[in-house]
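Consider the two complexes below, in which chain A is the common component and chain B and chain C are the respective partners.
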Partner chain A sequence: MATNELWTPERIPDPFAGVAKLLFDWIPLLLLVLGWEVVSGRAVSESVLPPPTAVAAATVDLFATGEVVPHLAVSLLRVGVGLSLSIVVGVLLGIGMSQSEAVENFFDVFLSLIYPLPKTALVPLALLWLGIGTKTAVLIVFLACLLPIVMNANNAAENVDRNLIRSARMMGTSDRRLFWKVVIPATIPEILTGIRQAIPFAFISLISAELIASEQGMGRLIRDAGSLGRYPAMFATIVIISAVAYTAVYGFEQVRERVLVWT
Partner chain B sequence: MDVDVRSLGASSIVDSLKSIYSLVLLLVLWEAVTRMGLIYPYFLPQLSVVIHEFVVLVSTGQMIHAAYLTLMRAFVGLAGAAVAGVAVGILCARNALFEWFFDPLIKIGYPVPVISLVPVFMLWFGIGDVSKIIMVAVGTFWPIAVNARDATRQVEQNLIRSARMMGTGDRRLLWRVILPAASPGIFTGLQIATPIALIITFVFEMVAGGGGLGALEIAGVRGFNSAQTYAVIFAIIAIGLVLDRLLRAARTRLLDWT
Partner chain C sequence: MDGSIGISNLEKVYGEGTERTKAIDDLSFDIDGGEFVSVVGPSGCGKSTLLYIIAGFLDITDGTVSVDGTPIDGPGTDRGVVFQDYALFPWRTVKENVLYGLEEAGVPDEEADATAQRFIDMMDLSGFENKYPKELSGGMKQRVALARTLAYDPKILLMDEPFGALDQPLRETLQDQLIDIWGDLDKTVVFITHDVEEAVYLSERVMIMTRHPGTKKTVTEVDLDRSGPREDIVTSDEFTRKKNEVWRSLREETKSEVQP
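Moving on, here comes the complex of A and B:
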């Protein structure tokens, strides 16, 4: 990198260097929050942009009164079920399409059609079929997550090292064992990549479905708080669901690194 | 996974038949089942009714106008995000102060499900075009900035050093060396951002109205005219396919020197 690092740690004694660097790295965020606090109530109305302290208080309140708990629970359930379904179906479909031409010929055209379609455009259709609520949200999350997982699994299964398969065959491995002990493990890294790509879409589609077609959930709570003029609560709900999404993304990355020690 | 109708030839006809027979089967089944009255028409109208609705919506200009509104909102927002995102991304990779300031913001801002901000933008900017365009710009800024930053960081140091050694100035270095060398990564960012722009526009239109394909689609559900919902989805699939092809074609044309 051509840029010279702003941070020059040599001057600080070792034990504190790590902590100091961490603090130094996060000063911009602190500045932003401070700026927000100063601007709110002065340059812009407090109702339009509640100060961070008010949002923090509202966040604590939402948990203390328990108001957010059922919404958060139902949202987590929806995103969890939708994503899990898409992992199971996506892996089966992706690997199935690589193993059998009939399966590929059957599903390929559908996947090509829904690939360029923004999945949230299907919310009204899901609403039509399944009504307002959990089923609609789960279906949309499932569809949004399915493609990245299918594509990565399919790609990986088509490119499993031929030598691995030949060696296993030579040692007399049966078809079934070959599938479970060779093909599946060889595709795991890319399946995990597919899941990693799917997680942000899972949250986008969850919130979209809940904004449009739900009586419950974080999306609905954001919308209700907004229309009732409870703006600190609206921002607090956004902060909470963003924290959940953030944890899911970075938590999954940690898990993936642990799982993939053998690659 | 690509349906490709190749140039004529017996084997390729058989191949393309093989790859679309399931779709034809589904469409025939759709028409047959609905004609026999096995499914309540509100859930699934006859395919021929949907096609008729599609033709009517297009010929009365409703569909065209809605598509124009949606695409205008998505692409004006995307254009704004492209300018800002590429600028911030390159600055982050080239300037230590910018990197220090924006890196933590990108790290925090990137994973936020932007769509959850729709009610906030309704509060701040109302439900009109401007609000939707700004929302699209904010939502697509992050992937564009991240990809521009990472692509610039990966520009080969030797390229920059050679250019410098020949006396290239800062401005020429940016336009003649860094931007071209980073352009594949920047283009990837735009390819990721385009569906996000459409997602934001559709959802905003469904939640807040104001015309556009999202509003037309949800109006079909609310007005018990489900053929309209299906017809709009057909249009959205067509638009998605065309956009995807255009982006791929643009990529090969613009970046074929890489």
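Moving on, here comes the complex of A and C:
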């Protein structure tokens, strides 16, 4: 009797499952690259729009000569530090605001004010305060990532199922332990969603900051290659940073799925 | 300490000023240790409020509510609540859910594990220990919730329409399981339901509540021999008579709602 009660989801067969789906997903990009290759040097001058083959060669070249390596390393460090800081501060702030009215009232106005502001608008100001370099980039990345993480953590912490809290208290969990035993685990899915949303923002803000206020990093490399007329190298840098951002999001989603087997 | 509950002149008011609504008014009722009592009433009669007051989730406005003679002060492990929506921790497996109360009580791992397994087996959940709640049907979730509550051995079970979301055959299975548990484990049970048949089938006494504000209307004693199979119980004269009695009393209340 017990077994037929087990809930099993309906499975709709997907005609594009597995490898076929993977190929199918990438067809639009493939078409774009093919079209680009055809147009370049014919409809548009090769110097303005270098063909993908030239960009590919420049990409290989950037790694072969080692030119891109220090820039990429610096950029990854900035994204890593900025994002990590925003996770720590964002989670604490988001959950803290749900637990204490004083904390919520204090930070609410700041968060409401910086929410609609494009964080890249703060680059000149950050530059003035922190000078050219890593500190400015980290600050901008931090600010750009903070909001989605705070919002998701706060929303989740405020909406923890009341009966879960009641059950835990009934079973002898003190208010202090309640935080670790119930509030944190119940909030984890949305914290991870917030981080997932923040990752693209991290790269957007990183490149914006580096274009203006850095002597190193992928943003700076894009600017330098552009101003020196090395367009294949410029495109190659954009391709590399896009691939890195894509991998970061994809990798994070894999981790997230593994952590959230229970959702 | 036998798990008796004493309620005297209980009053519960929600809100203030013009928002004031009296949910429960002057309710007095005593429940013996080991007794199975159901509370039925029209929706909005305050029966869930009453249960949550006994659980310690809600403050009272006036009167006293005590367990074994001691006034209630917040939730505590002498009582256990089973909710209609199960309230299982979704990040914990079946086994981990059942272990929760034992962990919090500081029971040594090995002993806790054996106790949890005993109640998992009792609730026919063997083989599902490592499943997460999302993988279970409603009936199984409610059995996990029951096992989790029984595992830390509260004297009093407070059940808030626990089978309300389940279909009839499943509900009957769980009702019979509950009767067995009650017979074996010597618990006081306060069972909230709007299902008259369920109330009479399960309980020794059924309290019918009035609506707006809620208070005790009538109490029906049900004297059934529950050792036999369900078909013998539901076809007995006592069952039919008491079911009609409770139904009539409840009917008066529901009617007064339509014709104020």
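FYI, the second predicted complex is superposed on the first by the 234 of 263 C-alpha atoms of A that agree within 3 Å, B and C clash if a C-alpha of one lies under 4 Å from a C-alpha of the other, contacts with A are read in each partner's own complex, and residues count from 1 in each chain.
Here is the rule we go by: contacts are C-beta pairs under 8 Å (C-beta built on N, C-alpha and C of every residue); 3 or more make two chains touch, one makes a residue touch a chain.
Note that the structure is a prediction, hence the values are computed from the model and not measured.
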{"item": "Contacts of A:Asn163 with chain B and chain C, given as first, second, both or neither", "value": "second"}
{"item": "Which of chain B and chain C A:Pro185 touches, first, second, both or neither", "value": "second"}
{"item": "Partner chain(s) touched by A:Gly172 [first = chain B, second = chain C, both, neither]", "value": "second"}
{"item": "Which superposed partner A:Val39 touches (first chain B, second chain C, both, neither)", "value": "neither"}
{"item": "Chain touching more of chain A, residue-wise (chain B, chain C)", "value": "B"}
{"item": "Contacts of A:Ala121 with chain B and chain C, given as first, second, both or neither", "value": "first"}
{"item": "Touching partner for A:Val69 - first (chain B), second (chain C), both, neither", "value": "neither"}
{"item": "Chain C-contacting residues of chain A that also contact chain B", "value": "1-2, 5-7"}
{"item": "Chain A residues touching chain B - in the complex, by the definition given at the top", "value": "1-7, 25-29, 32, 48, 97, 105-125, 127-129, 151, 154, 200, 203-204, 206-208, 211-212, 218-219, 222-223, 225-227, 231, 234-235, 237-238, 241-242, 245-246, 249-250"}
{"item": "Interface residues, chain B side, partner chain A - complex", "value": "1-3, 18-23, 26, 42-43, 93-97, 99-105, 108, 111-120, 122-124, 153, 157, 160, 195-196, 198-199, 202-203, 206-207, 213-214, 217-218, 220-221, 226, 229-230, 233, 236-237, 240-241, 243-244"}
{"item": "Chain C - residues contacting chain A, complex", "value": "55-57, 74-77, 79-81, 83, 85, 87, 89-92, 100-101, 104-105, 124-125, 127-128, 132-137, 139-140, 148, 152, 170, 173"}
{"item": "Contacting residues of chain A [partner chain C, same complex]", "value": "1-2, 5-7, 161, 163-164, 166-173, 177, 181-182, 185-186, 188, 261-263"}
